[in-house]
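One structure coming up, written as structure tokens, with questions to follow.
By letter and in written order, the chains are A, B, C, D and E; residue numbering begins at 1 in each of them.
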Amino acid sequence: MQRIGVFICWCGSNISATVDVVKVAEVIKNEPGVVYSANYQYMCSENGQQLIKQAIKEHNLTGVVIGSCSPRMHEATFRKAAEEAGLNPYMVEVANIREHCSWIHKDMDEATEKALILVRTAIAKVKLNAPLTAGESPVIKRALVIGGGIAGIQAALDIADAGFEVDIVEKNATIGGRMAQLDKTFPTLDCSACILTPKMVDCAQHEKIDILSYSEVEEVKGFVGNFSVKIRRKARYVDETKCTGCKVCMDKCPSKKGLNTFNMGLNTRPAIHIPFAQAIPNVAVIDPEQCIKLKTGKCGICQKFCGVGAIDYEQKDSFIERQYGAIVVATGFKPIELDAFNEYGYNDNKDVITSLELERLMNAAGPTNGVLLRPSDGEHPKVITFIQCVGSRDTSGCGKPYCSKICCMYTAKHAMLIREKYPDTEVHVFYIDVRTPGKNYDEFFRRAVEQYGVDYIKGMVGKVYNENGKLMVQGSNLIDNEQVTIESDLVVLAAAIEPEPSVRKVATLLTASIDTNNFLTESHAKLRPVESPTAGVYLAGVCQGPKDIPETVSQASACAAKVIGLLVKDKLKTNPCVATPDESMCNGCSQCANVCAYGAITYVDKEFRLGGGKTEIRRVASVNPAVCQGCGACTVTCPSGAMDLKGFSSKQIMSEVEAICKK
Amino acid sequence: MKDVELKMLERAKALLESGEVARVIGWKKGDFCYDPSPASFETVEELNGFVYDWFCGANLSKYLIEMSKKEGKTAVFLKPCDTYSFNQLVKEHRIKRENVHVIAVECLAKLDIEKIKAKGVSMVTGVEVIGKEVKVTTAYGEETLKKPEVILTKCETCQKTHQVKDEEIILHDRPERDVDRFAEVAKLEAMTADERFAFWREQLSKCIRCNACRNVCPACSCVKCVFDNPASGIAAKANDDKFEEQLFHIIRAFHVAGRCTDCGECSRVCPQNIPLHLLNRKFIKDIDGLYGEYQAGETADGKTPLTSYAEADAEPNDVMKGEAK
Amino acid sequence: MTKEERIENLKTLSGTDVRKCMKCGKCSGRCPAFKDMDIKPHQFVSMLEKGKIEELLECKAIWNCLSCMACVERCPRGVAPAAVVEAVRSTVVRAQGKNGLKAEDIPPIVDELIPQQLLVSAYRKYNK
Amino acid sequence: MQEVTTEKKEFTPNIVAFCCNWCSYAGADLAGSSRLTYPANVKIIRVPCSCRVNPSFVLKAFQQGADGVILCGCHPGDCHYVTGNYYTRRRMSLLFSFLNYMGIEKERTRVEWVSAAEGQRFSAVMNDFVKTVTELGENKRLTDLRVKEGE
Amino acid sequence: MKISYYPGCTLRTKAKDLDDTARLCAKALGVEMEEIENWQCCGAVYPMATDEIATKLSAVRALDYAKHNGGKLLTLCSACHNVIKRTNEDMKTNADICSRANNYLKLDEPYKGETEVLHYLEMLKTVVGFDTIKKAVVNPVNRKIGAYYGCLLLRPSGVMAFDNPENPTIIEDFIRAIGGTPVVYPFRNECCGAYVALKNSELPKAKSKKVLTSAKEKGAEEVITACPLCLYNLQVNGENILPVRYFTELLAEALGVKA
């Protein structure tokens, strides 16, 4: 005999203002199977939970229904309470009478009526609930960090310092990421390389960290605690174990006209190269598109000059497969392409550059050795105009609808640095809004205006054109309600940032969800900001949303804390709401395996008694509960209904349908 | 036809005698000339009742689910349409292919005794088909009918060819046919919703829930039918209300969608003459139109349209608006 | 018509959602007729949003807007300032006796070379 | 001739909404926390993924007196279970087209993709669906399809 | 091949050169421009107010005619092209305008934007092909030429879909095809101000001077356009900074079909 207890929450006045909670609790008492019904101000509070526990014990409840907020909010809380009182946690159902009822309806009678139906529906379901026990799966005590920028580096260091093995997979030839390209960092203006490179060296020297540079994740199998990842080690045509980073090959290489991507294509580099002086690993890589030997078979000069015999033109991509308990995604960002913003003349004028290009032009290790010279003629620009929000906050379809967040600060930084280094330079900044939330940020921006005399113009630029060798920047000055044209020598565009495009592939491999802007989705915007909805996958840096270095580092450390928290466990509880086949009805037709995204279904030959002493061997489905994620795709594809989903069984859902439709 | 039958008999005998196969699945004579039924022959003696004539319309592939589990090999005679069901069952691991020897046999369409009777011809004792004419011998004499008017509905639009054969017995060429098997579905689609509703209401109200369609259907071969599975929530009870039949036919059509080879057996066996194949063909037509042409049973491997997808698939709401391509 | 109705009417006529404007001023930064516009393109949007329609209906800018669509083309929020200008202009010329171009005005300024296109478009733009 | 007009009682349809746990149910929660109203006759059943919805659930709902059934899931490409909603999309396209073929009003069934961030959309979709079904009136066809003799 | 052609009012009068040369060249290139029957003036400016219907009907009539005569409608005058293309987009995407327009016109079968509106330049590019033109050139126009696009062909780009609105290349490609050297100058997509010539004569003067000065600065020897109004304005108000001609005149010259 079912003994069900019903608990109706007031949620202060959140529910009770529109739902007559007392009436609901009263009426529900008469439902068949219900032996206890109560209402309380805050069911989720300590006292509320106590009430549930007490009732379970006193009334010997076999099932519990709570009419409260969304199960996405407190289902876990109530399940835990039930468990503590000795009831299987999966004998608890939540009727969502807040988000789906009291908050959206105004009429008390109507809302109360609906709340009653929702509670009855939950009762109908709980009557068919079965106690479920979570399984256990082991945890592999090793983490994978995808992306070797500052986010990946910080996460890896923190995890490794806690004593766990970490692999960093970086698609480029060196770790360091975008931060390695920057000149100075706001709001303190310390040199980016000076604070980043020591961390890169720490990574290289850490005994627990393995850097897999020039590598990409190829395949991911498994689940939280037990991922199996196939990694492609791209052929760099240089033996990483032999190369000493002496750079002789770079001098000797006859093919020197490749665009230096590290310098944003502002100068050239040899086909065999080390991306920059502080690269980790400090190992050369050959660009096969540019290498004469690899393209024509003739040359081989670098091999001749390499003192340690590290050059290997025959190298092929290789694959390694490793097991991990947790994965951190830190794939970073890139500035958007500016093809859709021809009004700023980026494609037509060499002296219209992006902010990241300016970083390289101002960097002591950059193409101009840190002297600011215009790309067109190498002259020192006297008038520099910055344009903010290029492609950010753009809903017209040309750009990105979001604010890229970092541009206001770096533009202030650039303006300030230029005025500091070259006081004879005039600097203008066109802006829509200056957004500087953050410690010492607004002070920083104001310094640019007040101390350095940067001319901030509230308005947007309509057109940049070349006239008599000058860049004419025509825009509005909204404060003075005028249209201005500034004769400039250099125009710097604060291009919007977007997630590194490879993140889509990574997200697909990890089954991590991604939003319309290609940012990875966090599990909860406020309360679980570093976890992906896919268990065991964590997010750090701009792959999750635009952020600056301090925020990225914080998020990376937070990721590390989550990963460490996972890896210290020896075993993990698995979701018991998984698919389960009734073998006696299974046809073995393979349709369910065809739709399973996780490969959780396999087939076994099983012997069945037919009666009369006869037996037969049939092929039947078998679900690996540790791999099954419980989506239910298989249940619908099964024609005989042999496949069912625990916790969301066909009968349970049918009973909910009936309870709702009952007139 | 007689020559084909003799050849088949000859092969059946040889196969049984040599011990190559333990049994042969074919058709045996019935009480009348027009009701042969599927049968398993295990000895040469049993082959006395063997028949292959103009009334052997039944699809033999489904029998192989059980037969292929048995000791020894099973030989089976399959008409073109039967081979699709056979492949589909192999794909679903229901037939053990290695235990079956498939003999593809020719089929120049099969006759429908109900249609002959409907022409006012009764007490049929024999038929002979010459070209497009059917000479029917009855207790009262002879009648000549037009063949296209008295073949099984499923044969009217059949353009199937043998998809699987270990050997073949084909002595006559089949005339080519140019027919649109979706014409009837399209006709229904062109009606108003009210007309369609009236049509199906009339048709389905005839259903007596005898389960003949389910029993004959090669795609309906579940170890246990969902309608007999209490955990499904749709198990039929004795006191079914009027909705059940419709639920039954909708769910049955959905369950065989993407798997139905359009063998037409459902309509052939329906004692109430409900055009059940028009339900399945609607799914086939939609699948062809939305996801590319697909013929179930053409191969014995690969996924079906409902166990695969494309990122660019049509949206359900567009499908309903008729805007999906 | 009440003022509210007139405001609504203008919004409907323009077919553009003035609330989407984020006040960046790109339209006015691009406008080739900026100096001849007594009310600037971005102001058309914000004034309609704020309901200041009397000033709009009195302005000279509606006769100077070139309908060149530069403001529409470049708006990062998909707002069409030129459509607001046109909505205001249509409202003005549809009012009794408010045609922007009178037939008798034409002959003196027409030279031999003027293409029909100019007369036709002027009639359509300035007259009801 | 006199026309007899009977006062028609205002019809409120019974709507069953199947919502996937990860996107649409969360979208409904967001609609709630944003106080975006939609009619009370919409009742939501939580399923892990839209691909858990068996056609028999839809038919059962109609059999039991629902006037409209709507399925909501993550946008294609964003399924929490990677591919679940792709199967939903095919299954429901075919099922609904089939029901239409049987003469059942196609407006009674709908699939909508609502993300966890689309509270606004959830409410708009529900309002629109209720409006559509209200205009259609009571669902009779699915239960009337077979009429026994004498009825 | 044959293609339905909408000449428009100005091409019948002041811009006869444009019309004549276009027809001659098309013929030489194997395209027969078949003038549609009973066309009416398009109004020369696209009415943007959302309640405008009557003013769009002449365009819809022409479009419907072309729908039944080859499915394509060729335009030459930039203004006609702009009005007809945008009206066509309304018929395609704006259900309200579509149904109201059809209510007025009472066509046998409602017009729903089926016709493809093709500008003469687009026709040259996609139907004939610039490579073909290159081969047909007998008289290469060996000059430095500035393309003047103006507004009407390019904007709003979402609807016009003519070319990149900020960095168009089709006329430059055309110039290369007839043997000239295109001169890219920043004001080639800026308005010349002609629309307000009757209300404010100063503005068009200033704007056209700006356009031609910009072209001259970048080295152009002459400027070509597709728009009679732009041509008029640049010629009359441009103070003879540079000669301005129709692009078809140069095409005729290059093909050697000059009348």
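Everything below uses one rule, namely that a contact is a pair of C-beta atoms (placed from the backbone, for glycine too) under 8 Å apart; a residue touches a chain by one contact, two chains touch by 3 or more.
Because the structure is a prediction, the values reported are computed rather than measured.
For the pair chain C and chain E, chains touching both partners: A.
Counted as hops between touching chains, the shortest connection from chain A to chain E is 1.
Note on interfaces A-D and A-B: more C-beta pairs are in contact across A-D. Compared with chain E, the chain whose C-alpha mean position is the greatest distance off is B. Chain centres here are Cα means. That of chain D falls 50 Å from that of chain E.
Our note on geometry: chain C versus chain D, Cα centroid distance of 46 Å, whole angstroms. If you average the Cα atoms of chain B and of chain E, the two centres end up 63 Å apart.
Centres computed as Cα averages put chain B at a distance of 36 Å from chain D. The set of chain B residues that touch two or more partner chains comprises 226, 232-234, 306-307. Listed for chain A are residues 343, 397, 463, 595, 637, 650, 653-654, each touching two or more other chains.
The set of chain E residues touching two or more other chains comprises 165.
Of all possible chain pairs, those that touch are A-B, A-C, A-D, A-E, B-D, C-E.
Contacts from chain B toward chain A in the complex involve residues 69, 91-94, 221-226, 229, 231-234, 255-256, 303-304, 306-308. Touching chain A in their complex are the following residues of chain E: 158, 164-167, 184, 186-187, 214, 217. Taken together, the chain B residues at the contact with chain D in this complex read 185, 188-189, 193-201, 204-205, 207, 226, 232-234, 242-243, 245-247, 250-251, 253-254, 257, 279, 282-283, 286-287, 290-291, 305-307, 309-311, 313-317, 319-320, 324.
By the touch criterion stated above, chain D contacts chain B in their complex at residues 55-56, 59-60, 63, 76-77, 83, 86-87, 89-106, 109-112, 141-149, 151.
Touching chain A in their complex are the following residues of chain D: 14, 16, 21-22, 25-26, 28-29, 31-33, 35-38, 40, 43-49, 51-57, 60-61, 64-66, 74, 78-84, 87, 91, 117, 123.
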